[in-house]
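Multiple structures are listed underneath, in C-alpha cells.
Each of the two complexes below includes chain A, the first together with chain B, the second together with chain C.
Right after this comes the complex of A and B.
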C-alpha cells in the first residue's frame, strides 16, 4: 500500500498538513467537500479506500452527531427558526454552522488519514531521523504502528492456550467479552515482560547511546519536491495571514 | 579450575585471552544466594569454548554477564573482574565500581539469546535494515554500513534474504539473523546461548558452518549449551557449570566421561536415547482406536506449495489406546498444523477427526480439551498465569471438581516443579517452562496426548521426567502423538515412527 507515485514522505506530510490548514482557513463548505471527496478518491486509487473510510467514519460519525446536537439545536445566534421544542430550537443558521464545521473537520480528518494509511512508515521514520529528530521518536512511532498487530497475535495465542485447556468460547457477545477479560491480564503482563527483555537487547545494540546516528535506508528527495514543499508552506502561511487580517476588525471592538 | 594465584593467572591469560572473567560472585538484586560464584573463564581468539550445564545451572546469566546484558551494579552485585583485550575492570560490589557501557561493550562482546526474536528491534522492515540497526545507532557512516551489512549477510548466508521482512523468516533463518546482528559489529567474542535449539538438520548444519567460519576468522566463540552434542565436542575447551559454579574445566576428551558432567544433567546425544525405557509393551491391536484421522486436508489461506497444493492432504492416522506414535519431518512440513487439528484449534477443510469414536466437528475446542491435551511447540505460548500452581490448575475445577487441587499438585510433582509452585512461570528457565506446560497437559489426564517438540530445551533430568510421563500416560491407555525433529528420540520412544511428507503420513 503506497502512493501510486513516489512522493517523499515529508512531501506527502506537508501536502496533507497544508491542505488541512488551507481548508480550515478558507472556511467554505464547497471547498471542504471537494477536498474530502478528492481525499477519498486518492485513497481508493491507492488501494486504501476501505481502511480510510472505516477509520474516518469511526471519528466523524460521533463528531458529526455531536455537532448536529450542539449547533443544530442550540445555536444562540440562530434567527430563522425551523422547529422548536422548549429550549431546543432548530435554526437554519445553526444547521448551516453544523454543516460548515462537519465538512471542514471531515476534510481535515480524511486528508490526514489518507496520509497515515498511504505513507511508508519506514520511509517516514528514516526521513524524520535524517532531519535530526531523536531516534527514540522514530522508534516510538514505528512501535506504535506495529503494536496493534503484535497485540492481536499475542491475544490469539493466549486464547488458543486457554481453549486448549478447557475455556469454551461460544458465539455470543457476552461469552466473548468474558473471555477477553480472562485474556487481558496475561496480555498486559506479557507485554510488560517483553519490554523488559527487549530493553537489554536494545541497549546492547546501541539504542541508548548518545551521539549522532546515521540511516541505512535512504529516501530519495528530488529538488522539485523540496521546492513544492516550500511553496506549499508559503501559500499556507499567506492564507493564514490573510484570514487573520480579514477577520481582525470584525473580531475587535466596534 | 585454575586454582593458581589470581595475579599470575591473569598475567598468563592476558597475553592470549581476548576476554577473561574471574567471577567471585554475582547476585541479582533482592536475591540472597548468588546466581554465579567461583568461575574463571578465558576466551582465546579463534577458539570455541563450551560452557555445559543442565537447566538452571546459570549458563544464560553467565553469558549475559560476559556480554554486558547483565550489568554489574545495575542488574546485580558482582565481585570479580572482567578483562577485555588486556584491560582489567575490577568489581568489588561497591558504588564506585567501574560502569559498563552496554553499547560500547557489545561491539566487542556480542551475545545472541536463546530466543532469537528477542534480539530484534521489531521496527525495521527488512533484514538489511535490521542488520544495520546497531550500526545506525552508533553513527556508522553509510558507506561503511553498507559494506558491514553485506559482509555479515554473506558470512551468515542471509544475502538472498536481505530484502525480506524479518517477521516472515523461519526459525533457522531468524537464528542466523540474530547472530548476524551481533556479527555485523565484528566483535572479538561472540556468546551463543543454545544456538542449535529447535533447529532442523539443515538449520543445524548452517549454524555450525557459521560458527566454524567465525572461529576461522579469529573470533572467540563461547557456546552455552545443555547438550554435549557434535558442536560442543568440537570445542577446544569445556567449562562445566553446576548450580551456578564451575565444577570442572579442561579439554572435552578428559571431561566427557567425568562425574562432574554426569551430575549436571547435560545431554550426551550418543547415549541419551540408547535405552528405549519408555516404550513398554505394544498396544492391543484389537482395541477400539482413541484417535482417527480420515482424509484430512488443510491449507492456510493464500499459501500452499509451488504447485498450489494444500499443506495437509488425504492424511490418515489411527492411534490405539496405549500407543505412542512419533511424527517427524523438516521445519515447515505441517507437523504443528497437524497437531492443532487434534483438539480443534484448527479445523480441516476436508476429512474428519474422531476422538474415541466421535467426530469433533462442531464441538468447541474448550470441550474437546477434556479428551485431548496439546503441548504447544513454544511453552511461552501455553503459559499465561501468574504462578506455576495457578498455571497447572487452570480449567481443572470444571474437569475434576474437588480433585482439581490434588491433580495440579500431582502433575507438578511428576515434572519436578512441586517446589516452585509460587514462582512466576516467566522466571523459570526454558527447560522448566516446557515441563510446566507438560504438567498443565498431564493434570487434565486426557485420552489423547498431542506433544509438539516435547524434547526441545530439556536437559537430561527433564528428558527423564518427560519419558516417565509419556510412559505413564501410555500405560493408563492414553494415545500419545508426538511431533519431533529428533529422529533418535522418535525411534527410542515410539511404537511407530511416521514421516510427514508431501502433506501425508508415511512409515518412516
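Right after this comes the complex of A and C.
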C-alpha cells in the first residue's frame, strides 16, 4: 500500500499544512491526539512508519520531558496544588498545560513528517516550479536534500583519512576540539571548491538565463485534487478567522 | 535594511545574464526593496503585536491565538525575504546555499559529538553571510529552516530568527568586524541578543516551552521566581543565545581564515568590502 504516492505533491503538502494549522487553531487535546494517531497509521500504511517514528521521537521526547519538568513543577498560575517540595509545586493546571502543548506540537510534527517522508522530492520541485516559484528555490531545495545523505559518507571518508594519518578521536575536550577542526576544514574546503565548479557547469548550461523553463517531469494533477486543495484551504482560512475573532478580546492587554 | 544591501556583487564565475537583467531595471530593484521592507515589517510587527497582546493568564490552556499569529507573521516575513533575495543571487552564491544548509546540519551534529551544551546550528549561514553578504545570509537562514523542517518540523517557525542571524552576520562582515578576530564574537553576541528576543515568543506560544532539557531548566528557574512564560523564555534566550552566537561567529571566522585565500577572495563581496584581513590579491580570479 503506497497510497500517498498517488497524491499530487501539492495536495499532500496542502493537506499536511492545513491539518497542522487546523490542529493549532482548535487547541483541543482530543483532536490533537486523534490527528497524531491518524498520521502514525497513515505512515505505517505508506511503509514509512519506522522513519517517521524515529524522526518524531528524536524531536518529541526531549520537548516532552522539558515541558513536563517546566510546567509540571513550576507553574505560578496554577491553583490546584497536587504536591509541593519547597519552591516546586505540582499543579493540575501545569500538567494540563504541558499535556495540551505536547499533544498539539506532537500532532503537527507527525503530520509534517508524514508528508516529508512520503513525498517524492523531484515531483515536489517540479510541481513548485510549475506554480511559478523561482527555479532557484527548487534547485536549492533538491540540491540540499540530495547533498545531505552524501555528506555523511564524505565525512566518514575524511575521518578515515585523518585517522590513517594518526588522528585520535578520544581524550579531553581540547583534543576532541582539535579532532573536530581536522575534520571540519577539509569538509568545508571540499564543499566550497565543489560548488565553484558546479556554478561554472550550471552557468554554461544557462541556469542563470532569463525566460521561461520547461520541465522534463510532468506531474499529473487531477481536477478532483485541485478542488480538494481549494476546499481544504477555504476550511483552514475559515477556522483561523474564527479562532482569531473568538479569541481577540481575551488576547487583549490585561 | 540599508540601501547597500540591494547592490549585487558581480558574479565571480561567468556573469549570469539573468541576474544582471533582473537587477538592472530600476523597477525590479524597487520591487525587491519593497519585498525586503515588507518582510522585515512583518517580522517586527508580529513580534511587537505578540508582546503587547500576550495572554495575561495562560492557565486556561495554550494560546492558540498567539500561536497562529506567531506562525503566520514570522513565516510570511521569512517567505518575503526569500522572495526578495533568491531570484537575483548570482549562480556562484546560489550553489553555495545548499552547502550552507548541509553545513548547518552536519557541523551542528559534529559539534554535538563533543558534548558541549550549545546548538551551533547557524555555522553555515554565518559562513555564507561572510562570503556573500547580508541578502544571501538572510535567504540562506530562512531556507535552511525550511529544508531542515523535512527532518525536524519544529525548526520551521524559527525561520525568521535564522534569517535575522544571516542578515546581521552579513552586515557585520561588511562593516569589517571579521577583519579583527576578537571583533567577530562581539558581533555574534549582539546578533544573539536580537535573535534570541525574536525567537522567544515562538518557543513560548507555539511550543509552550523549550526543546532541550538544559534550556528547560533555566526557564524553570525563572518561572519559579514568578515570571510569565514569555518573560522566562526571553530571559533564558538572552542567557544562551548571545553565548552560542558568539562561539558560532568565532568558528565561522576560524573557518574563513582556514580556507585558502584563493578560495575566499574569489567572492566579489569579500573583495569589494574588504571583509577579511590582508591585502586583496592584485589579480583576482576571473
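By our rule, the second predicted complex is superposed on the first by the 217 of 254 C-alpha atoms of A that agree within 3 Å, B and C clash if a C-alpha of one lies under 4 Å from a C-alpha of the other, contacts with A are read in each partner's own complex, and residues count from 1 in each chain.
The working rule: contacts are C-beta pairs under 8 Å (C-beta built on N, C-alpha and C of every residue); 3 or more make two chains touch, one makes a residue touch a chain.
Owing to the predicted nature of the structure, the values given are computational and were not obtained by experimental measurement.
Engineer: Could you let me know whether more residues of chain A are touched by chain B or by chain C?
Structural biologist: Per-residue touch count on chain A favours C.
Engineer: Classify the contacts of A:193 with the two partner chains as first (chain B alone), second (chain C alone), both, or neither.
Structural biologist: Both partners, chain B and chain C.
Engineer: After lining up the shared chain so the two structures overlap, which partner does A:204 touch, if you call chain B first and chain C second: first, second, both or neither?
Structural biologist: Both partners, chain B and chain C.
Engineer: Does the superposition put A:157 against chain B (first), chain C (second), both, or neither?
Structural biologist: First partner only, chain B.
Engineer: Could you tell me if A:26 is touching chain B, chain C, both of them or neither one (first, second, both, neither)?
Structural biologist: second
Engineer: Just checking: does A:96 make contact with chain B only, chain C only, both, or neither of them? Give me first, second, both or neither.
Structural biologist: The second partner, chain C, only.
Engineer: If we overlay the two complexes on their shared chain A, which of chain B and chain C does A:220 touch? Say first, second, both or neither.
Structural biologist: A:220 contacts neither chain B nor chain C.
Engineer: By the touch definition at the top of the document, which applies to A:83: first (chain B), second (chain C), both, or neither?
Structural biologist: neither
Engineer: Going by the contact rule set out at the top, does A:167 touch chain B (first), chain C (second), both, or neither?
Structural biologist: It touches chain B, and chain C stays clear.
Engineer: Show me the chain A residues, by the header's touch rule, that chain B contacts in one structure and chain C contacts in the other.
Structural biologist: 139, 143, 183, 185, 189, 193, 198, 200, 202-204, 207-209
Engineer: Going by the contact rule set out above, which residues of chain B touch chain A in the complex?
Structural biologist: Chain B reaches chain A through residues 64, 67-70, 101-107, 111, 113, 118-125, 128-129, 132-142, 145-146, 149, 181, 343, 345, 364-367, 369-370, 373-374, 376, 381-386, 394-395, 398-399, 426, 440, 444.
Engineer: Mind listing the chain C positions that touch chain A in their complex?
Structural biologist: 11-14, 16-19, 21-22, 52-53, 55-59, 61-69, 71-72, 82-83, 86-87, 89-92, 94-99, 101-103, 105-107, 110-111, 113-116, 127, 143, 146-147, 149-154, 156, 206-213, 215-217, 219-220, 223-224, 226-227, 254-255, 258-260, 263, 266
Engineer: Using the touch definition up top, name the residues of chain A that touch chain B in the complex.
Structural biologist: Interface residues on chain A, with respect to chain B: 121-122, 125, 135, 138-139, 142-143, 146, 150, 157-158, 160-170, 183, 185-186, 189-190, 193, 197-198, 200-209, 211-218.
Engineer: Can you check the complex and tell me which residues of chain A touch chain C?
Structural biologist: That would be residues 21, 24-27, 55, 58-59, 62-63, 65-67, 69-71, 73-79, 87-88, 93, 96-98, 100-102, 104-105, 108-109, 112-113, 116, 134, 136-137, 139-141, 143-145, 147-148, 151-152, 155, 173, 176-177, 180-181, 183-185, 187-189, 191-196, 198-200, 202-204, 207-210, 240, 243-244, 247-248, 250-254 of chain A.
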